[in-house]
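There are two complexes below, and they share subunit A, which is joined by subunit B in the first and by subunit C in the second.
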Partner chain A sequence: MRRENRGQIRVIEAFLAVLIIFSAFTVSANLTVSQNRPPRIDLASVGTEALMTLDSDGTLGYYIANGNWTALREALSLVLPIGTTFNLTVYDEYTQRISEAAVSNGGFNSQDICFVEYVCASRNPVFSSYIVHLELAVAS
Partner chain B sequence: MRSRKETLKRNSSGQLLIVAALAIALLISSTTTYVYEVTRVTDNAPSSPASNLALAMKQTTRNAMISSLANASNGGAISVLASNLAELSEAVSHLSQFGICSLAGTILNESGYASGVRLEWGASGLGASSAYANFTLQVHGEASKMTMRFQINVTTSIAINGSYVTLGSGEKNVSLICYVGNDGLPSLAESLRVFYYDAGNWTQAGALNGLAVKDRGDGTYSVSFTVAVADPVQVSVQAIDSQGIFVRADITCPAS
Partner chain C sequence: MPEASVDTFFACALMVLLVLSAMASTSKLLYPYANYAVDRNVSERYEEISKYMLLNAGEPSFWGESNQTITAFGLAKTGSDIPYDLDIDKVSRLNDRNLCAIRYAQLFAALSMSDVSFRVEIASIFEVNISLAATYVESGQTIYRFEVLAERHGLSVAADLKTYVIAEDHVEAGNLHASDGKASVNVTLPDTVQGPALLVVLAKSVYNPAVVSFKAYAFAHNSTSPEPSGAFLKLGPLNHTLTASFTQSNLTLLNAYAFTFDHSSTLMQTTNSNQSASYGIPRFVDSSPIILVVTGSNSSAFFAEHTAYPQVPLQIGASFASSEAHSNVFTYTHSVTIDSVAYECVVWLGGPRE
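Now for the complex of A and B:
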């Protein structure tokens, strides 16, 4: 009986060995797949960097001071990644809203909306400071 | 005895196979997990929102300093820096994203600075317009508490050097080299005006004097013009840099 079963046991053992190695490969492959997901964009950093880029040469303050909302919208569209929707509102230092028109490139169709708050100081010899509220979302 | 050992060996060879398989599986899994963890830490390294605010605030305060210096150097009161920083602090106090924010600016009143502004427009061929302030940014929020201190110094400088040659007509051909810099880097002069001292007045050199200004593209400008003045030939160069900051330097040109 034992000798008759020995062959079957060898088959079961070999099967188990294959199963163990195969499961190791399966787990590893899953880890790799989950890692290949596109990294989540840190929208807050992206938004802050975009505003800082515009502010680095005084462009942001210049557009706001002149009420040039069209140019500001176009400039933001250029510095933000493609597929990002935004809505920008500008207030003065006493939180009175300045921007009458919506500085936006479309409606939000994502529930993952990020909010960025930024203080902009104009470089104009006649000083002005503004509080900028920027809402951002990745278009789905 | 020998055949018994061989039998035992043969019987346990399947178990060895499983143990070896387990060891290989363990190696594969641990290696993959290690690689995954190492790369995951790099990918998900979060940028602190408060650090974003700190970077943005440095940018904002620099702009405020540039605005104040542009105002003060163009004839405004030097107290403009203090009032502008007070206005900026007011705006910062309304930020609420990370909690309660406060920005305190302390203007420098030593080392040639008065109310944080230094306007040194000397007769030795060097001139500088500078603003300096120390800042303390504080954020008190549920998620982040932060205190950051930093200094902002905005300086626009000019250096001129030159000489003159007396022409056969008795007029003097003045050649100058002007360097305009901003925070130690070459700067573009939006406006460059040249004056010479004649009969107790500063007179602007222009087309009548054959004024020629050549931009060398590295913050350096070659200037030449002809004047009919008695010795000494005193020249003043006034520049406004690309940020709107005014700076001036005077020099007495020697004969070459």
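Now for the complex of A and C:
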């Protein structure tokens, strides 16, 4: 290459470098902005509200008092959001476990498991109180 | 071009590419963690706002009962000891079909948070779908067979069903059980009855009596196809009074009914004018939404208009469909009760990204 043309290739190199840098910035900027964030669910609030809804008309205490764990599982499934898995355990006032069968709608396949403790009373003439432990996770 | 220049160019270009690729990858990997603290603060703030909307009664305390101007937004029932127990009239005023419907601009001003847009959706926990499966024409009567499906996001819900059929001077009730969420309903209407007719289905969950859903289905019988809802009357239930506002002239009202899962009643007319009529709505003791039906006729045809009390499903507020990329948008789902019936309330909250 002739000595007087050397500057031209430097200019071309500079333009190409600028083009590459801007392309990279454009791509990286899009990579960060367009990320889809998963919906956030406060499982503790969701679980507490679900148990309160069941307890508002005495359904929760009624099913526990009668040992109707199948009905309790179905009732809880109905008020929890779709895609939520749960495992429920019930203890009496002496912390003795009274729910022998697993009150659950499936296994947990998430590492984010939330725990809710709720105390309820049956509406029978003989007073009974129960401690409800509810574990919740979002199915992945 | 000398070899040295070509080598230098490719080397520099490769180096720049590698550096920028590393920057992009690092940025992508660290983005969630870098924004976690900010997003978490925003999320917690929005969650508290959504709870505030549902746990606070607003100002005036009984703003739902009449066409009052709202100064502070809150949907909770005044004086209720139950958390997330919403006021039936405040919820009904959120529906744009209510005669005293409140606009989003008024709610936005009443929330007093200029950087927060919101959307509220309230609906039954499960849906009831009705479809006409077959029609059998016999001498002097017609039998209609409907398929009723109770489901939640495609999953069937075991439910007890209560059906009501309303046509001109004809009201009939029936009971069914749908253990797998499906049931067939046979409706027999004599040819002497003038249509269109209305089939109302109330479905109560077998496992949770507080979870009740409903659906109304209008169908032709000895008549032309039914007009869309609201073609003759605009119904606005508020403060246990049903106001029927005429949308056409020369209408004659015949009867008004209130239906719940366990009870039904004919409504007494309290006021009447050329443009509207009012009826008192009884306070039923059972856990059920109240389906209100007003029948009448114009110069040529019979009609049956209906609405629910509370007026759900409803949705009010901003649309966030196209703004998620540039805004912080969060949704919160709450289980709420309205007059002892459980509903699902979804609150969308959004604001400028920090």
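One rule holds in what follows: the second predicted complex is superposed on the first by the 101 of 140 C-alpha atoms of A that agree within 3 Å, B and C clash if a C-alpha of one lies under 4 Å from a C-alpha of the other, contacts with A are read in each partner's own complex, and residues count from 1 in each chain.
One rule holds for everything that comes next: a contact is a pair of C-beta atoms (placed from the backbone, for glycine too) under 8 Å apart; a residue touches a chain by one contact, two chains touch by 3 or more.
Just so we're clear, the structure is a prediction, and the values are computed from it rather than from any experiment.
More residues of subunit A lie in contact with B than with the other chain of the pair subunit B and subunit C. Of the two partner chains placed around the shared chain by superposition, subunit B and subunit C are both touched by A:I9. Using the contact criterion defined above for the overlaid structures, shared-chain residue A:A24 touches subunit B and also reaches subunit C.
By the touch criterion stated above, A:L54 is placed in contact with subunit C alone, subunit B being left untouched. Of the two partner chains placed by superposition, A:G107 touches none, neither subunit B nor subunit C. By the touch criterion stated above, A:T95 is placed in contact with subunit B alone, subunit C being left untouched. When the shared chain is aligned, subunit B and subunit C each come close enough to touch A:S45.
By the document's definition of touching, of the two partners only subunit B reaches A:S122; subunit C does not.
Where the contact sets of subunit A with subunit B and with subunit C meet, they give residues 9, 13, 16-17, 20-21, 24-25, 27-28, 31-32, 35, 39-40, 42, 45, 52, 56.
Those residues of subunit A lying in contact with subunit B across their complex are 6, 9-10, 13-14, 16-18, 20-21, 23-25, 27-28, 31-32, 35, 39-40, 42, 44-45, 48, 51-52, 55-56, 58, 61, 91-95, 115-127, 129-131.
Subunit C meets subunit A in the complex at residues 1-2, 5, 8-9, 12-13, 16-17, 20-21, 23-24, 27-28, 31-32, 39, 43, 47, 51, 82-85, 125-126, 152-153, 155, 157-158, 205-211, 287, 325, 330-335, 337, 340, 342.
Residues of subunit A touching subunit C in their complex: 1, 9, 13, 16-17, 20-21, 24-25, 27-28, 31-35, 37, 39-42, 45-46, 49-50, 52-54, 56-57, 59, 71-72, 74-75, 78-79, 81-82. By the touch criterion stated above, subunit B contacts subunit A in their complex at residues 11, 14-15, 17-18, 20-22, 24-26, 28-29, 32-33, 36, 39-40, 43-44, 46-47, 49, 52-53, 55-57, 59-61, 63-64, 66-68, 70-71, 74, 76, 80, 84, 87-88, 90-92, 94-97, 243-244.
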